[in-house]
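Reviewing the structure listed below.
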Amino acid sequence: MIEFRNIHKRFGEKEVLRGVSLQVEKGQIQYIIGTSGAGKSVLAKHLVGLMRADSGQILLDGEDITDWNEQAFYKVRRRCATVFQHSTLFDSMTLAENVALPLRKHRGLSHQKALVRAMEYLKQVNMADHGHRFPADVGDGLRKRVAIARGLTMEPEYVVFDEPTTGIDPLAAANVDQLIRKLSDDFGVTSIVISHDLRSIFRVADRIAMLYKGRVWLDGTPDEFQETTDPVVRQFISGDAEGPMEFPGVRG
Amino acid sequence: MTAALAAWIDSSVRTWDLLRQTIVWILRGALRRRRRQVLQQLYEMGNRSVAFITVTLGILGMISVFQVLKQVEKIVPDFSMIGPAFIQMMIREFGPTIAGLMIATRVGSGIAAEIGSMVVTEQVDALRMCNADPVDYLVVPRFVACGIQSVMLSVYGVLVGVLAGAVTAYLFWNVPFETFFRLDLVQWGDIASGLLKAMCYGLAIPVISAQAGLETRGGSEGVGTSTTRAVVNASFAVVVLDLILSGFSYLVLF
Amino acid sequence: MTGVMARVGRITINTLVVVGGMTTLLGRILRSLFPLRCDARETWRAFYKVGVKSFPIVILTALFTGAIMVIQSGHYVHKTGATSLLGWAAGFAVFAEIGPILIGLMFSGRVGANNTAELGTMVVTEQVDALRSLAINPTAYLVAPRFLAMTVMLFLLTAMGDLFALFGGAVTAKFMLDVPVWIFLQQVMDAQLLDEYLLGLVKGTVFGMSIAVVSCYYGLTAQGGATGVGRAVNASVVAAAIGIFVTDFVVALMWGIL
Amino acid sequence: MIEARHLSASFEGVSVLDDVNIRVRKGTIVGIVGVGGVGKSVLLKLFCGLMTPEEGQVMVDDVDIASLDFDGLGSLRQRFGMLFQNYALFDFMTVGENVAFPLEQTGDCPPEEIQARVSERLVDVGLAGSEMLYPRELSGGMKKRVSMARATIANARILLYDDPSAGLDPVTSSKIFSLIERLHDPNGVSVVVSHDIDRMIGVCHEWILLHQGRVWFVGGLEAVKMSSDPVVATFFDTASQGGGV
């Protein structure tokens, strides 16, 4: 179970998170939605120690990991994998070698053995026959799937997806959504998905939390979001231009 | 290896073509229209390079005198000829060349980074959509500004180097300033050769760097690669020009 | 007036932040070198890339440096007729002073700038964050192999570069000053420049380390998309050049004291 | 208005368009969708002559743009307005100078009139009074609107939009698309390349589906619904199935 308690974070004089509290139950798919610049990715990066909160607490299965140092966070990251928006594969290696890297570093496997194990993970995301190719010459959708496979090599209990379906065409997006659903149903993986893609939100989410003005504006099930009378949520869900939502104004 | 050679020849042909275009634009009166940008570039290049040239040329002056005096001490303890010989060498060779290399590093990579990021963010395409030719709008101001700045910075560099040399000679071997600062060895040939070098470097560097910038390919690694290429090509051009001009001034001016 | 003071204050603070950042980076690199904890494949790749990329351009530069040195010292020989000094003047300048600096500058341009561009791109596309999220230490995995590769490679290149410079010098001496090649080389040997040759090698190694730390630092601190990478490379080559001259000065001073 | 005949083109060595034939009639807003991103952007750049095709021609008002000389190309480009995917705002100019730039380049517009048109256009896109700001001080959505103001300041009849809602949240995207509709010139043409099919459905009259470098489907919204082609069905169904009320 992951718990954020009253997280604050500011960059210079721009306060991005103003006291965010959120609980994510085991085995669930928790979506975090909101307008761009609302601090969704910032919150996720706190969980794996890529960013440190100004104040507030983060609990992982009851253990307070807020002030752990980089070394300690390596243990946390073995249990919480992160899949980034730009599916950050290493260009100098083939897709199979990308997936094999964590196996080589953490399981102590030789280069060859790691490649064999990597093919199994690639099969899970049905990318087995693209193993020899390089990231540069495959499309965004395929790269995203390999990034997910690479995250899975650490057999994580939790997976954080940072805008998995942004900037890729609808077919690839639907594919990624199916994969997220499969992870939760077949492997009991708890997923935190950051997105502003209305289509995948209602196709996949178990629970949704909306970030607005640095706080959790509404935390509930997809049905609660459909029936809510809150004008801000209504405008975001229907995605029409007019409405009460203000936008992060001029920076600086 | 041959592929690299072919690529090198191909890129130098394009660089010559860019030089031709730049000169054509200047002849068609681009300078009048681009006055504001030329002044801005002059300030930009000069302002950002002065501290850099001071540190590098200053240390060069100190080191050279320090090493030479330590050597000469072993052979002939007469230090009178050191000052003038050092000044002549600075004016003729070290001043313009090392300053040229520093300008290639500082200004060259700056031009490639700026133009490269304008290509990656499609600003160059936007310019072309408004019928403004990137060569006229971006390259000409930098070409003229760098030509002028390079000569001025080289002269400044020589002064700093000589001053630093004199101070070192005085501190470590108390060579009085009067004996150091004698220009009797310096002839017009040396000054001409030094200025010629500075100007050639100043005109070659912006063209080579702008060419690298304009050839930037997409993606985030694009700008990084073209900036690297600019630094390497510009620095190498300085060394090659140095060899050609040194040979030329040795054979012709004497 | 206060504007100028503020600017001077800001510049000093920025410089201190940068120098501080580099020293901590050097500390972290050394900690992952003793005991050797960097990745074998990545180290081999770094050696290959650094070596292959820099070899042609550095050797060409060395050849030209030798030639230029002979031409320049040719003036004195021409005036004073003391051809015997030619070998000494050229050899000394190449070994101790101009050789290492020019080779270092070319190396910094070719390999240092490339290193910053590569690391900067990896930072900007979140690949370094990906490494950290896979519980792999970026300093040990990315930076230490490059530090090793650049230090060893520049030492070798300076050693070879000096020889190529002498060769360039000998050819030019023959062509320009009709000094037969073996006489020129004989003069260089007689001048007992072994001391300078060693100084040049020490400088080469120290330059390699400083270029590695500078280029990795600016690579890892790149921000703001593709334009950020361009700015990082620009700052990196400038800092590397200053680094070369400052370390050159320090080494020359220390060498003088020993 | 714009016609592409047997167009083939490649981008950085990879073939992206393969024998594409498109006719864009006057007065329509055309939506171009498809898998992957590069082919569609290249098509826009071929239309306005920023890129040259390997084969085939582009006809604008029945004139083959390849045959135009430097000045001919210049006058052609004045009839185009293009919104670039990466905003392409000049970061060394203020917002006001950016929007005024196309008018200054044509040179037949007095300065006072340029200022008036600039401030009027900024009001249109909801950024009144932001002339003195610099692009780096603006958020993504605001940069997009400044870029639109610049693209439409010269009242060009042909407007090209390269992924206008890229990276923007649903609400800002809707604002951009309602602007596209409002700024559309009835006897001109607007071509929109995007993935954001939900927003495009309300705006585009005609659809072109590019798949594997070829034109897979051309037609109106009804034709899309009735089409039996599996690729079209899966593409538009997956797109419009979930999401929204």
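The letters A, B, C and D name the chains in turn, as written, and every chain counts its residues from 1.
One rule holds for everything that comes next: a contact is a pair of C-beta atoms (placed from the backbone, for glycine too) under 8 Å apart; a residue touches a chain by one contact, two chains touch by 3 or more.
Not measured: the values here are computed from a predicted model.
Hopping across touching chains, the smallest step count from chain C to chain D is 2. The minimum number of touch steps separating chain A from chain B is 2.
Per-chain Cα centroids separate chain B from chain D by 43 Å.
Taking each chain's centre as the average of its CA atoms, chain B and chain C sit 19 Å apart.
Centroid to centroid, with C-alpha atoms defining each point, chain A and chain D lie 32 Å apart.
Shared contact sites, meaning residues of chain C that touch two or more other chains, fall at 125. Residues of chain B in contact with at least two other chains: 120-121, 221. Along chain A, no residue makes contact with two or more other chains. Chain contact topology: the protein chains form a single closed ring, every chain touching exactly two others.
The list of touching chain pairs reads A-C, A-D, B-C, B-D. Taken in their complex, chain C has these residues touching chain B: 56-57, 60-61, 64-65, 67-68, 71-72, 74-76, 78, 92, 96-97, 101-102, 105-106, 108-110, 113-114, 116-118, 120-121, 124-125, 176, 225-227, 229-234, 237-238, 241-242, 245-246, 248-249, 252, 256.
By the touch criterion stated above, chain B contacts chain C in their complex at residues 4, 52, 55-56, 59-60, 62-64, 66-67, 70-71, 85, 88-89, 92-93, 97-98, 101-102, 104-106, 109-110, 112-114, 116-117, 120-121, 219-228, 231-232, 235-236, 239-240, 242-243, 246-247, 250-251, 254. Interface of chain A with chain D (complex): residues 34-37, 137, 139-140, 166-174, 196-203, 226, 235-241, 243, 245, 247-252.
Taken in their complex, chain B has these residues touching chain D: 120-123, 125-126, 128-132, 217-218. Contacts from chain A toward chain C in the complex involve residues 45, 48, 50, 70, 74-75, 77-78, 81-82, 84-86, 88-90, 92, 101-102, 105-106, 111, 147, 150-151, 154.
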